[in-house]
Structure formats: C-alpha cells, structure tokens
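Shared chain: chain A. Partners: chain B in the first complex, chain C in the second.
Then we have the complex of A and B:
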C-alpha cells in the first residue's frame, strides 16, 4: 500500500469481526514498531501481544477507553530501567515519545495488512502491568486494539489551521 | 441470565467504574459524562438479559447510547443532546410506571 494512502485512510476501528489475527501478522506489526525512530537508539520499548480471549477481557475491564471487541492487542510498554540507564531522568519522556512513534508504525502497517486498529491510553497502567505479570520498571504506555474491521467510521473533521511559516503570528492562530 | 453471569457482569462493571474514576482525574472534561453514560449502557446490557418488565426499555436505552456516544469526540452538541434525550426517556419511563 502506498504510504500516503495508509496515512490518510487509516481510521480508529472499534468494531471488529470474529476473525483472528495470526501470530505471523502480529510479528509483522511488532517488526514495524521496532523500526520507528528512537532517541539515541535507546529502543526503550517492549511489546506484549495478547490474543487469549480471557486475557483480552481482563485488560478490557480495566481499560475504560477500550471500547469494542478486539481480537488481539499489542500493549506497547516502556522499559524504564533501560530508559533511565541510557538517558537519565529525561529517559522516561523520551521513552514515551518512542513508544508513540512505534505505535503509529504498528497502526499504519496494520492498515496496510487490512487489519483495523485503535490506540488507547485510557487504561489503568498499574492494573494492566499486573495482568501482564510485568515487573515495576515495565510501564504500559499505549494499548493498540486490533481486529478485522466490521465497521469503518467516517473521518472526523481535522483542524487545518495549525500551520505557521517561519514564525508564529497572532493572525495565524486558530483561524 | 444466570445469577453467576449477572454477578460476573457486575464484577466487570466494578472494574470499569474504579479505573474510570482513577483515570478521570487526569482526563479531558467530557470523558466524565462519557464514562457515566457508557456505564449506563453496560448496566443496561446486563439488565436487559434479566427477566424484567423493563427489558425493552433497557435494550432501547442501550441502543440509543451506543449509537450516539462516540459523538463525544466529533460533535459535542450532539453528545449533550444525546444525554438530554436519554434523561428525558428515562424520566418518561419513570412517570409511566
């Protein structure tokens, strides 16, 4: 799929069919994630693929923003030990940026493969960490819901008046 | 719905409410009403499977909420209108009964 098409046609999908996402597809998605830009090549991310219905349900119960019926999840986590070791106190923020960029790669690749996705931040990080049996230095940052799209929503309106040339001007703000 | 299934559903709902309460401390203002009305939808899902004279009402209210709730992200006025409508529908049901 052409990159431009993937960028502009990807939507947040929340309604999925029952069809499974294969382990091979999930590996392809994670592979796209690990090729995202990363500050100082720290690669502070960890990816938990979840496909078991009971495990998905347990995570969903503790994730108010996870609306819909995904058949797979990728929990994108930062490794806070690695981030701190490589970048000190600022490493946590850099890890968050890196996880976000990896997530976008995953969602674009998913769209490329005909897989619907929706990224979620409204979940309880400590609760999800507990469900994943992850140690305290593993911080769940984003959860990507995945599945075969059953319904694709219309694109929401975008604010196009956010571009400035060379410098900030009052006239250019919020037109 | 068996007592066991209802209990399991309510147990899930507690998880949703608790994590919503904590999450809303740091989340956008409109997420509060969204979580509450989504919680009503989840409760209706459980109640409409019970032997109750109100089953059709629960099903209708859930359908209305689920159809309109995502407007919270695209059309604030439409979302508020949905809440107004749901309140009115619930009130009429109370008066009728």
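Then we have the complex of A and C:
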C-alpha cells in the first residue's frame, strides 16, 4: 500500500470480526515497530503479542479505554532499566516517544495488511505488567488493539489551523 | 512510495545539502502529522515550521542533540491548555504520545518526498518556546530536522529479541 494511503485512510477501529490475526502477521507488525527512530539507538522497547482470549480479557478488564472486541493485542512496553542505563533520568521520557513512534509504525503496517487497530493508553499499568508476568522494569506504555475490521468509522474532523510559520501568532496560519 | 519501503528505508539523516524545503512540502508534512491517532480526538498538537537560517541557528544553539545542518525544522509542540481541558492531568502524557505519533507520520512522509529527517528531544524546552514567541501553554516536545540528504548512514543494528508471546520470559522470543 502507498504510504499516503496508509497515513490518511488508517482509522481507529474498535469493532472487529472474529477472524484471527496470525503469528506471522504479528511478527511483521513488530518488525515494523523496531524500525521506528530511537534516540541514541537505545531501542528501549519490548512488544508483547497477546492472542489468548482469556489473556485478552484479563487485560481488557484493566483497561477502561479499551472498548471493542480485539482478537489480538500488542502491548508496547518500555524497558526502564535499558532506558536508564543508556540515557539516565531522561531515558524514561525518551522511551515514551520511542514507544509511540514504534506504535505508529505498527498501526500503519497493520492497515497495510488489512488489520484494524486502535491504540489505548487508559489502563492500569502496574496491573497489566502483572498480567504479562513482567518484572518491575517493564513498563506497559501503550496497548494496540488489533483485529479484522467489522466497521470502519468515518474520518474524525481534524483541525487544520495548527501550523505556524517561524513563530507563534494568535491566529495560527489557518491553512 | 510503498509504506514498507518508507518504514524500513527511513534513516535518521544529519547531513544535508543546501537545497531548500518548500513551504508546500512542509504543509504536506504537517498534513501527514495531523492524521496520526490522537486520544479522544483531542489533537493536542501545534506544528512550527522554521526555515529562516537565523531562526534555525537560534534553535540549534539551544539543542545539544541537534547535530547537522538542517534547512528546515518542524517543532512539534503540545498545547497544554487543550490537553488539560479535554483530558485533565493525564492529558499532558497523552499529548506526548500524540506528538510522537504525529512526528513519525511526518518523518515517513518526508522520506516519501525525498526529504531527510532526524528527530531530536535534547533541547531546552523553555528556551525554544521563547524563540518561537509561544505562550507558556505551548510546550515544545520534539524537533524534526529536515533537509535534502547529503549522506545516508547505514542502517543501525536493531535487536530482534524484543518480541514476547502472551507473557514475559527471561529469554524473550529471539526471533
């Protein structure tokens, strides 16, 4: 798929059919994720692919922001040890950015593969870490719901007046 | 350009020719940014396109992480007022993720247009805000350097053992 099509036609999908996402597809998604930019090549990320219905359910009950019926999840986590070792106190914030850029690669690649996605931040991070049986340095940052789209929503309205030239003006640039 | 090509062949570019980036190209980049996912459609982002050599220089001296000779910058900022109004205290963190995902769209689209990019976090946020003449609720989060590539580095090594199935294991999944 053309990049532009992926960027502009990707929607946040919350209603899915019960068709599976294969392990090979999940590997392709994560592979797209790891080629996101990462400050100092730190790669402070870990990707948990979850396909078991019970495991998905357990995570979903901890995630008020996760509405819908995903058939797979990718939990994108920071490796806080790695982030701190390589970048000190600021490493945790760098890891947030890196995880988000990796997530965007994953969602674009999902759309490319005919897979719907929706990224969620509203969940109990410590509880999700426990469900993933992960140690304390693994911090769940974002969860990407995945599945075959059952319903594609219309594009949401986007503000176009968010572009400024050289410096701030009260009016913005209202393209 | 194919999405896959953009994802896998984008490199962080720090050496640029002196060829200009046009305003139309910058508008196309920002337009790609605003179609990133955004929690609750908050769109807590503002994009400052900087092309004046003096303005670029002024920002660069405040940015130890900005090595190279960009011909344009996009300063991706959070609108903290908007983030707080729409999402409360958590809105600031949501805005970080949204700005990062928008930045990834911008960098992929740049590559699609033959423009090199490198995203930078290491800068003095308050000082860059002052240079941009922006009010206190505008928080510079990431700066994307842009220019025509003069040198494309080899791909950095990426760790492939960052994928886990269902839950954490000491060994990871070592694809």
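Just so we're on the same page, the second predicted complex is superposed on the first by the 172 of 175 C-alpha atoms of A that agree within 3 Å, B and C clash if a C-alpha of one lies under 4 Å from a C-alpha of the other, contacts with A are read in each partner's own complex, and residues count from 1 in each chain.
By definition in this document, a residue touches a chain if its C-beta (ideal position, glycine included) is under 8 Å from a C-beta of that chain, and two chains touch if they have at least 3 such contacts.
What you see is a predicted model; the values in this text were computed from it and never measured.
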item: Chain A: partner with more touched residues, chain B or chain C; value: C
item: Touching partner for A:36 - first (chain B), second (chain C), both, neither; value: second
item: Chain B versus chain C as contact partner of A:105, first or second or both or neither; value: second
item: Touching partner for A:123 - first (chain B), second (chain C), both, neither; value: first
item: Partner chain(s) touched by A:165 [first = chain B, second = chain C, both, neither]; value: second
item: First (chain B), second (chain C), both or neither touched by A:61; value: first
item: First, second, both or neither for A:156, with chain B first and chain C second; value: both
item: Which of chain B and chain C A:72 touches, first, second, both or neither; value: neither
item: Overlap of the chain B and chain C footprints on chain A, listed as residue numbers; value: 65, 122, 156-157
item: Contact set on chain B toward chain A in their complex; value: 12, 15-16, 19-20, 22-23, 27, 31, 35, 38, 70, 73-74
item: Residues of chain A that touch chain B when the two form their complex; value: 14, 57, 61-65, 67, 122-124, 127, 153, 156-157
item: Residue numbers on chain C that touch chain A, as the complex places them; value: 1-8, 10, 12, 23, 27, 30, 32, 34-37, 39, 41, 43, 45-52, 55, 65, 90, 93-94, 96-98, 100-101, 103-105, 107-109, 112, 118-119, 121-122, 131-135, 138, 141-142, 156-160, 162-168, 172, 175
